[in-house]
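For reference, the structure is listed below as structure tokens.
Chain nomenclature is as follows: A, B, C and D, assigned in order of appearance, with residue numbering initiated at 1 for each chain independently.
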Amino acid sequence: MAGTGVADHPADLGLERIIFLSDGLFAIALTVLVIDLRVPELPTAAGSDQVAAALSALLPRVFAYALSFTIISFYWVAHWRRFKLIERANAGLAYVNLLLLAFIALIPFPTALIGEHGDIAISVMIYAVTLSAAGIAGFASWVYALRTGLVTVAAPKDLVRSGAIRGLSVPVVMLGSLLLLPFASTYLVEATWLLILPVQWLITRRVSR
Amino acid sequence: MAGTGVADHPADLGLERIIFLSDGLFAIALTVLVIDLRVPELPTAAGSDQVAAALSALLPRVFAYALSFTIISFYWVAHWRRFKLIERANAGLAYVNLLLLAFIALIPFPTALIGEHGDIAISVMIYAVTLSAAGIAGFASWVYALRTGLVTVAAPKDLVRSGAIRGLSVPVVMLGSLLLLPFASTYLVEATWLLILPVQWLITRRVSR
Amino acid sequence: MAGTGVADHPADLGLERIIFLSDGLFAIALTVLVIDLRVPELPTAAGSDQVAAALSALLPRVFAYALSFTIISFYWVAHWRRFKLIERANAGLAYVNLLLLAFIALIPFPTALIGEHGDIAISVMIYAVTLSAAGIAGFASWVYALRTGLVTVAAPKDLVRSGAIRGLSVPVVMLGSLLLLPFASTYLVEATWLLILPVQWLITRRVSR
Amino acid sequence: MAGTGVADHPADLGLERIIFLSDGLFAIALTVLVIDLRVPELPTAAGSDQVAAALSALLPRVFAYALSFTIISFYWVAHWRRFKLIERANAGLAYVNLLLLAFIALIPFPTALIGEHGDIAISVMIYAVTLSAAGIAGFASWVYALRTGLVTVAAPKDLVRSGAIRGLSVPVVMLGSLLLLPFASTYLVEATWLLILPVQWLITRRVSR
């Protein structure tokens, strides 16, 4: 860290540490997801058929892993884009960011739930609500940063707007999908979540230069 | 890292690395908490009622998760505020900070304990003592930094004072609550811990500009 | 972080955060591997013979740990070398890097699989395919960075070329070894994976100054 | 990151990333230790006596946790001190550092082993050998850095010497203790490991200014 003359202390480690903590926690959430992907204990002499059967029984968990990894990735990219425009930190930003991290850290729990009991409505609801809460907390952190003047004044208007709507594709699609729950099978509801991909892609495309 | 002329080595990576290690460990402690939030193995054909019952049996663990996440967050914010005022590091600071981290890393253990056996006095005591120990170690690290001249001389007096008392709201409330243990139910004792929130809020408000 | 004059915000935190996230995730993937190395629950009064037997039954998992640790290390060093030559980041790089990280985060799963069921062809295939996918995603991220002009123009031609072929030693050896699977024992196939070491060493030697 | 003029790329991210990866992995190794500290599944209606008995049965694991946390802390401080004097990185340093990290990442395994089967000679041997291997790998990385000219020429002679001997207190005491194994109880052997504390303290004291 180049010193600024007198002290060899970084000028705004406050902002940097919020980012260190966030990147660390995102990295762990992404990695902890896989702990649930386990072949159940088989007899040591288990043959090829038994292992293959155990593996294909894992497929719903692989789907859950891929889905959660993708959504956490979107949230990380949204966080990354927002913090490129944030130039100062205060305690409020630290707390609202910790609220977002609390929901990100929770994600392995509903992921395991839909991996094991994805055919049950309550699992689908808990998954949709937890992941949406993370998206809404991300939105709240951006609104907070704007309101308290932490965002650089040089930020282009369209990036400020897209910083707000970016992560909202997940709560919109997921909470919307819950309206189908009384009428459709849980698998159909989960299938609608794939709409997050084109929606996110459209947003990314519109904003990227 | 901008070089300072001759060497391209950062000037005070010593201080930065204490922060890297701390942020990494805090992030992991926050995330590991959720590993205990697990639906028990149910029969594959488990119906909606069984899953719902298993989930509501998890509610004490969700409370334990939220409580520990909140307190670790307070400790991280306290650490973050203190290290904004610390401008140099020495080996003593590294060790006293590792003592703090040892208690932070322990927190998932008493969290699981009150999540599973929160109705038993010994669980409540172990939780209160471990989390208070982390708060006291944080206080000790601040006193150490002040005594050995690691804190910037430009630090405002009130920030120096609040840096000391900040994390102490947790040990004061928690150790105090243990005095109720012979007279009150464990749930009442745990309920008094919510006093940490207003106490912390008062401190934060008094100090923030 | 030395300010660049007006704002105290780092100039290109975008690139740095991709690196923070990657280093965090690599560190966790390397550490999570060991969670599978566990002595099974033995009776408390278990004698020396029982513990020794349990430990020698773990030897295939120790081999799996060492193999995966080595390959993830190669991938980290390849990532480290490539990002020394990348001087800017964009959203595309963030996503292609997350694809690589998705496969790195998966590695503990096939590692546990060959540690427990390394005598079964399907385990060998899943291990080889997952670890090769990580190598190919690393290659793709380098091609992407080159095509979109993120690599410094000052990068020596031979480093650009070696940046491409570097991680490919793993997919070439591993996918090639699968051709032996119909004819040879799974252990022989796994033994051929040791060829990655001399191949990687040759590449490293040719490139290092 | 202050730009160096033309490119906004950090000048020596190579060295920094070795440190990021190391700090991340040390932080995780310190935190993963606690996963083994678990109260066994008790009946939901378990009374105070049962929980207290389960907790006191955990005491050997608490000792193992404290011991491993302390030794990993020493290794981290040794790493921290050494890298303050290292001003450049090359691929060899990355690899020798990864060898050290491989042993650090392994430590939770022998820690669980002596926590559960600390009364058996083979557990004591595996613990002593693994933790000593980490100390020796740290020594090797320092010798490598000195030999290949990565250490700053301005490094005081006594710091260079102490950088070499620093982490060796652990292997000297631990491997030495194994000589007692045929004659003494495993608990006595483990008790001799406490000698690491005064030895380390003497070294630290002699070197600190």
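Convention: a residue touches a chain if its C-beta (ideal position, glycine included) is under 8 Å from a C-beta of that chain, and two chains touch if they have at least 3 such contacts.
Being a predicted model, the structure only gives us computed values, none of them experimental.
Distances between chain centres, each the mean of the C-alpha atoms, put C farthest from chain B.
Of all residue numbers used at the contact between chain C and chain D, under half are used by both chains, marking a mostly different-residue interface.
For this pair, chain A with chain C, the centres built from the Cα atoms lie 23 Å apart.
Centre to centre, using the average C-alpha position, chain B and chain C are separated by 33 Å. Within chain B, the positions touching two or more other chains are listed as 1-3, 10, 13, 20, 24, 27-28, 35.
Those residues of chain A that touch chain C in the shared complex are 1-4, 10-13, 15-16, 19-20, 23-24, 26-28, 30-31, 33-35, 37-39, 42, 46-48, 51-52, 55, 65-66, 69, 73, 76-77, 80-81, 83-84, 86-88, 152, 204, 208.
Those residues of chain D whose C-beta lies close enough to touch chain C in the complex are 1-3, 7-10, 13-14, 17-18, 20-21, 24-25, 27-29, 32, 35, 90-92, 94-95, 98, 101-102, 105-106, 108-109, 112-113, 116-117, 120-123, 126.
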